[in-house]
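Before I ask anything, let me first share the structure, which is written out below as structure tokens.
Note that the chains are named A, B and C in the order they appear, and that numbering of residues resets to 1 at the start of each chain.
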Amino acid sequence: MPLSWALIASLLLAVAGYLIGRNRALGAAGPDVRMLHSRPTYHGVSVALTTFGPAAVIVVLALLLRMTGQIDPTTGGVAGLAVLGGAILGLGWGISRIGADFQARSAVERMVMSVLIICSLIAIATTVGIVLSLIFETGSFFQKYSWHEFFFGLEWTPRFDGNSRLGMLPLLWGTLYISFIALVVAVPIGLFAAIYLSEYASPRIRSFAKPMVELLAGIPTIVYGLFALITVGPMLRDWIAQPLGLGNSASSVLTAGLVMGIMLIPFVSSLSDDIINAVPQSLRDAALGLGSTPSETVRQVVLPAALPGIVGAVLLAASRAIGETMIVVLGAGAAATMSLNPLEAMTTITVKIVSQLTGDNDFSSPETLVAFALGLTLFVITLCLNIVALIIVRKYREQYE
Amino acid sequence: MYDTTRTESAVSQQDIKISARNVQVYYGEKHAIKDVNVEILDKTVTAFIGPSGCGKSTFLRCINRMNDTIDIARIEGEIRIDGDDIYDRRVDPVQLRAKVGMVFQKPNPFPKSIFDNVAYGPRIHGLARNKAELDEIVEKSLRGAALWSEVKDRLHEPGTGLSGGQQQRLCIARAVATAPEVLLMDEPCSALDPIATGQVEELIDQLREQFSVVIVTHSMQQAARVSQKTAFFHLGNLVEYGDTDDIFTKPSDSRTEAYISGRIG
Amino acid sequence: MTDMSNHASRISLFEVDPRTRRRNAAEKRFRAYGATAICIAVIALVLLVGTILRDGSGAFRQTYLSMPVALSAEKLDPKGNRDPAEMSKVLTLAYGRVLDDALDAAVAQMDTQIEGLSEKDMTGLVSKEASAQLRDRVLADPELVGQTVDVNVLVNGRIDGYFKGRVSKESAERDSNTSPQQLMLADALAEDGVLVTRFNREFITNPDASDQRPEAAGVGIAILGSLYMMLVVLFLSVPIGVAASIYLEEFAPKNRLTDIIEVNISNLAAVPSIVFGILGLAVFINFAGLPQSAPIVGGLVLTLMTLPTIIISTRAALKAVPPSIRDAALGVGASKMQSVFHHVLPLAMPGIMTGTILGLAQALGETAPLLLIGMVAFVREFPAAPPEGLFDPASALPVQVYNWTQRSDPAFVERASGAIIILLIFLLCMNLLAIFLRRKFERRW
């Protein structure tokens, strides 16, 4: 890779530039170093940056052009020479600027600042990348498949020989049903756990229970998925579904919902904990001073005051549940059915994104492209939930600050 | 053991409402209250004064067991209200706090309507049999706190929307509504401007007709204006306790004299 | 007393009135709900970790056939010149026959005879992987040919499962891959010390194996792939994340643009991870043409995913440094940038490191986006050393787990759980390191 060699060469040039710059500055200062506007080190760094900066920019440009197919990868030699040329020109210009009056520190700080700004723009670039890639591919999906059928179709039967029915509603139903069960499990348990830890638990219990709950949060979702697949699923099937005659499948809405609920407990509890602790102690004192019991204080004063924050936390948890993938892939099943029976296998948006995009993909068939439309739907739903939740939580925080 | 007859035969025409014997309070290792003995009279305003950190607020919070809510606090000795030791195992702090109300340093109305703020105590303690009675209690308490005329048209607006002085009087009304026998006030005017302070002080004087009022204050002028009895705390000790006039004109302890003349504080 | 008092308050404090008793009962119930919630969470954790440990501990023990094998020269080196190039033309099948002969000899030496033992039971006892193992060993050292050497080779997954209690003689009746006779033979061989169960080092170092040979499957490539991705994440997300945080926290003016960036970052932190996978597929693979299954792509996707986490925790660490430190530096004539890089950043370092480690731990366990960029592929070749190795196909620990759950042989469940144990050990170490850093350098201002 000549490009990488050119990059290494320009790094060496930058080091040389640093040494030259520092020496030149010392020379320009004459006998008294204090004559310089900036410390000699800054002169060195300024030369090094002017050397390496252009080289790095040319490398990035070359890579971009190569990726988009504008230039042939075989022209690496030319690109490498351009990089080296940029570095040498930068070196010359950097050295020529040195003098007793040159404000090297300000120059270096300006350059560092632009690096900092570029780094913080990467967050925006990521979002733009997500949105563009989703919209672009979704667009080509809707050219091949009617958007009306996608959003309102009640049937999901992808076929590789064409004639697929790609209606999203069964997937949306499965997603919402599983998320609902997960929230029914996670919200009361997480909320009560947070209340117990912040209002009741003795320091000893807290020092034991809190890390335990936090440990649950640190476990990757694939572990929960495996737990659903080999433990919870068969247990629900053998103990509940089969005796009651409600189903024969180990993977079911209830399996995925239950396990996802467990996964969300620490999420809900740590968010609620923050929110409950933000309620000022003076309100608790007021209620206790009037003779409320601690539970009356929590129910009638703390929770109503914390309600907006808790609603925000529940919305965030809902967005987590809707976007969760591994637990549903391993626990919910693959059948796109719409039913009320929680012991039946159903499927979700995320499961279908995975199944349509793994394996050999033909990126011109609607069966593959539909995954991008599903991804865009998922992105929009979770984004809306997050924005609303963040606004609510932020308003709530400001109220008590 | 003490009994009620002993309290009845005590000093002057006025009854002793609260009597503390050998009270010690520890915050972890710190000995915050050292051996305090005091008898507080009914229908009297008693002021606790002293430099900050002297333990006056700590002692006040012992009287309705608010220190129970602090994990590391430990209390020894006995405090009797009407002869009953409030630290007895049989006493439920919830019931005690209904009988001994408290008003805090910063006005802390609940984020609910004015009406709901005042009605909170009667509701949890079940003091009203129906809505009409509850309305009556709320009105009476607000009148008692000299706030009725200002808020009677906006009872269902949030209590947090009132001015500082109004909020503090709302908190007093809220405490009064539970029908306490003792009212504890922890520097109730420290967060208020002079006009609001004047209103609250006037109110305290009226409350004396119904309750035994104990007020912690860092302002000696306030103690002199509102109280009949004054207790001076210093470094966790109760240094001197007596009629307010005597304390301010002829203190018997040199530390009290140093404090009221402004040499320590 | 006064008209304000009421009957309830005149009762002695020693008597608890009925209403208070009711309220205290409600209090107790409420408290019990809270304790129950905590218990449920703790039980769930214990159950989760317990079942994984129960199912996965088997992966670290493996049954081996340990016997002398005569490496017949005419079968393995027909030309007789010990030239590795010539010998490599000998197929694995020949080594299988050598092993079968050795097993026959070992069985012949035994006292017990087993009724109805078929030829298939005999050959099927040895893992299909065993002949390949032997071949590799001989090719590495051609001088072994003609000698009789002691070898340790894997046995079939069913036999291994029998010693771990996964397979029984009853289940073997219904199983086409094994038979009760084969299990009896295994028992007899175990008694003779030919079959031994010991620690399974190969599980940690071996690459994945195909569907029919769970006994040979290991997480070697997966660990290496995860490590490569973590390197990419570390080298990209830390500098970028810290630089972005410094700008946003210390320099950014309050304007529309920085507002948008802020909202953006907190939203990105909550975007489902699978969406990042779609981004990786669309941008890095389809648009930029990077190879599928490569750690570089996985690392880039995980970098974008962890960046918001790192930025949020770094900003919190920077914010915790009191303004007086900045004022002090500015007061002696340092520039704003000098005050940040000389004073604020070093003081915030422990917090930044803790946040980074936790972000890395999150990235290490992430599965969904990696599925979409082809990390599920079956990889047998170890990737080269970085940087070239970053472009070679590899797997990743959590993806390997997913991969194994999709296989039909129940022996892979054990492997999947074993891989999770390794993953959890890594995560535990990272979390302990983070806690240690926080404890050691925590500073209260």
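Methods note: a residue touches a chain if its C-beta (ideal position, glycine included) is under 8 Å from a C-beta of that chain, and two chains touch if they have at least 3 such contacts.
From a predicted model like this one, the values you see are computed outputs, not experimental measurements.
For chain pairs B-C and A-C, the one joined by more C-beta pairs in contact is A-C. Central chain assignment: A. Criterion: smallest distance from chain C-alpha mean to the mean of all protein C-alpha atoms. With centres defined as mean CA coordinates, subunit B is found 53 Å away from subunit A. Subunit B and subunit C have centres, each the mean of its CA atoms, that are 62 Å apart.
Centroids of subunit A and subunit C (each the mean of its C-alpha atoms) stand 21 Å apart. For subunit B, residues that reach two or more other chains under the stated contact definition are 94-96, 98-99, 124-125. Each of residues 23-24 in subunit C touches at least two other chains. Subunit A has residues 293, 296 in contact with two or more other chains.
Of all residues in subunit C, only 1-2, 4-6, 8-9, 12-17, 19-20, 23-24 touch subunit B in the complex they form. Residues 64, 66, 69, 71, 94-99, 101-104, 106, 108-112, 120-121, 124-125, 171, 174-175, 178 of subunit B touch subunit A in their complex.
By the touch rule above, subunit A contacts subunit C in their complex via residues 67-68, 105, 109, 112-113, 115-117, 119-124, 126-127, 129-130, 133-134, 136-137, 188-193, 195-197, 199-201, 205, 209, 212-213, 215-216, 218-227, 229-231, 262, 265-266, 269, 293-296, 298-299, 316, 319-320, 322-326, 329-330, 350, 353-354, 357-358, 363, 371-372, 375, 378-379, 382-383, 386-387, 390. Only residues 23-24, 26-27, 30-31, 33-38, 40-42, 44-45, 47-48, 51-52, 55, 239-241, 243-244, 246-248, 251-252, 260-261, 263-268, 270-279, 281-283, 286-289, 304, 307-308, 311, 335, 337, 361, 364-368, 371-372, 374, 376, 398, 401-402, 405, 413, 416-417, 420, 423-424, 427, 431 of subunit C touch subunit A when the two sit together in their complex. Within the complex formed with subunit C, the subunit B residues making contact are 81-82, 84, 86, 88, 90-92, 94-96, 98-99, 124-127, 140, 144, 176, 179-181, 209-210.
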